[in-house]
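Chain naming follows the written order as A, B, C and D, and within any one chain the residues start at number 1.
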């Protein structure tokens, strides 16, 4: 059992299979929402699943000048980085499957892996569009990564811990940390758009400029793994923000004490799913309402209008804690 | 260390996930038709035109952003590892560094 | 079972790539119009992809000009199997009315194999949607039911031709030219 | 530092048409831009000399799928000048209506594509949804969504009935409101402004010296419009103004186009009210007297010129077409140089390029001396189709 349970957790639930399935569902919600905003009907519910199967069943092409190993491994790194981080995020109870001091840092760094993988994949595709896309991925990372990190540190300082599970548990009293770190929350949401490379920050993938950027040469199953990595990243990023700012699987007013353990787990899961969908709703809304901006505009804007508010919020929290602590 | 502690270690989890991704590849290999190389299939895609060259290195001009990113990221990592009351001073110092960095960035 | 699943997925998820072989834009804007709110091809899973590497179905328009021919062939070759081509518009079908011109090689099939023909000048968005659906019906039996339903409700005579039907239509013309 | 050079086109998602732009970039900065055209050369001008005047009408219509009516209008005007035919009043009004309908449809199409180029998909979808109103009107009047075949030598083919006029009025009123809304979006949406303002700059001076035409020039404050400079049809009987913008950038061109949509709606509404009753076609002879003529119209992309020389037979000796995109290309390269990669699609699209109008063929005997030669039709066919 000692071996089987962790394997099950990593590969089936809440790890790989669950994440992929839920990610496919959420990407349908996303596409449907955008279609509705744009006055269209939108795709049927099984559409992302059909897309995945179709991509898997397509021919696989590796361009002659591409670095074969890098080309093949890059999507896997992206997917693995995202899926691995779900283990440390609380999903159905305020405690994750595995919690240790500093797991917040580990998760934040695991979530930067897709960006680096995308850079490598694009760079080693040996394609001019992919190369430009790859450099854009890195430039964009410089823009959103620091504000995202700073925004995540806000609740960490407020809760006095670097463990996501500890931070979530600190919100058990019903006081969500969004109240202590509203600016950090806003910054984290906007930085998440950058992290997921969605409009207005879909600069590395800009279809009309550089075709699709880094994954332009990818076909078939390798493209499918990229898509899986991106849609899992949506889930994990949203779950992380929910855990840090919105009490994770916790909802005030629900009689947790009166429920049996299995029911609290299910309720917690549903609550978290609703929060994730709300965050995705925000992402879709942003995508529908804005145009894509340029890379240098993005980097400057992010460091200025995301970096400074996040810093200010962090400073205020640190100052208040010091006063209270003294 | 128990088996579960080892299996939940980030490195092990990451490796397991890589293997799961490899499983997706294997599934794809089973479903997809065999690759037929005809004509310019393996050529670099460049809108239908022919491009010469095996790699396409490009210039980079956002070094100041890269510099600030590295600076702040490393300091943030240091911050993440301190505990106790020292954190308040660390945050203050960090704020200072951050503000200086942003001033440098927007100087011109 | 897996085979059925793959067929279903292919029928459900055609990502299209637009391939202009020297067209006058008339059909091209109608292709885009087919993706817009009024017709919304995304209902059937159609997505407009930029890179031919990601595409399943090429919507090719225009008479094949001499200049574009090699590029079109290369782009077609660079797409991953299985791939399909829908020739959109009368020019895409036969090169008409430009055909006798010195720089026009004929329809899209002068360079790449075509799986479905949608005539019209310009082809209407609904005809293009119907053409794509007819193509999908050859992949997925479930899409066939949808096409049957459409054919019962609307007059679809002459909107779309399969390569066999087109060959029958064409024979006398080819004879006259030859 | 290594400079990267890459092609955009002939098959590229930003371009709906096959043309080849080659860029040399330094990081994200465009150092040099060059253009290669000719992918859509379909031997139209030469084919015109192989067919009679009526057949050429349908060939010229298919020069471009977006401005097809402007082409037939200009072609018909040239032929009528040659044959000295007076077109009936009502036909002139209907021609003007079609001309403006087409301007509305084309400008809306452009606005949607501009939204697409900067990743603003919702604008794209909304504009194209509203564009269906004018498409319905065009279909109601002419029977087709594109290539309307409305103009004919000596007049127009179909009349506009009172019921049609009422439905047109209804549709145009809605469109006018929507166009005002889009003008509002274009000037207030922060992300769109970031992408349009100060991008693709070409001063009025540059536009004049490089011979830009249409909204591209008017967006840089050059108040040149064939409709007022060389009046044709019935534009002098309705009230409207030439729209210009001093912004000289993509935003300026966007505003000019959106305002022109509003103007076009006004022109059509006025024309529907003052249109006289009467014939819609004059008889046009099969053979045209010897001579040559030029006509120019303000197509939606700028000045369109037709030159026809007749040798007295039923087949024109020479048809020459000068399209606005050809005039705007030099300016567009100026806009691209020194800009950013991200601005390529929108800056290039801002001239509303149309390559199906533009592509020509030159045969060089000797690429070094640039010596050209004349070729006969069979020689051309042999050259074009040989493999």
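The criterion applied here is as follows: a residue touches a chain if its C-beta (ideal position, glycine included) is under 8 Å from a C-beta of that chain, and two chains touch if they have at least 3 such contacts.
On a predicted model such as this, the values are computed, not experimentally measured, just so you know.
For the chain pair with the highest number of C-beta contact pairs, give its two chain identifiers.
Looking across every pairing, the one with the most contacts is A-B.
Per the centroid of Cα atoms for each chain, what is the distance between chain A and chain C, given in Å?
Each chain reduced to its C-alpha mean, chain A and chain C end up 38 Å apart.
Taking the mean of the CA coordinates per chain, how far is chain A from chain D in Å?
Whole-Å distance between the two chain centres: 45.
Per the centroid of Cα atoms for each chain, what is the distance between chain B and chain C, given in Å?
That gives a centre separation of 40 Å.
So the centre of each chain is just the mean of its C-alpha atoms; given that, what is the distance between chain A and chain B in Å?
13
Mind pulling the chain A residues that touch 2 or more other chains?
Within chain A, residues 38-40, 53, 57-61, 128-129, 131-132, 135, 207-208, 211, 216-217, 220, 295-296 contact more than one other chain.
Counting only residues that touch at least two other chains, what does the list for chain B look like?
Touching at least two other chains: 31, 33, 35-36, 41, 43, 45-49, 51, 56-58, 60, 62.
What positions in chain D touch 2 or more of the other chains?
Only 4, 6, 10-13, 25, 27-28, 125-126, 129 qualify.
Chain touch graph shape: choose line, ring, star, complete or other and state it.
Drawn as a graph, the chains make a fully connected set, so complete.
For a test of understanding, state which residues of chain A touch chain C in their complex under the given definition.
Residues 31, 35, 38-44, 46-47, 49-54, 57-61, 207-208, 211-212, 216-220, 223.
For chain B, which residues are in contact with chain C within the complex?
Chain B reaches chain C through residues 30-31, 33, 35-36, 38-41, 43, 45, 47-50.
Give every residue of chain C touching chain B within the complex, in rising order.
Residues 2, 6, 51-53, 71-75, 77-78, 81-82.
Would you tell me which residues of chain C are touching chain A in their complex?
So the residues of chain C touching chain A come out as 5-6, 8-10, 12-13, 15, 36-37, 40, 42-43, 45, 49-51, 53-54, 56, 78, 80-82.
Contact residues on chain D for chain B in the complex?
Checking each residue of chain D against chain B gives 1-4, 6-12, 20, 25-29.
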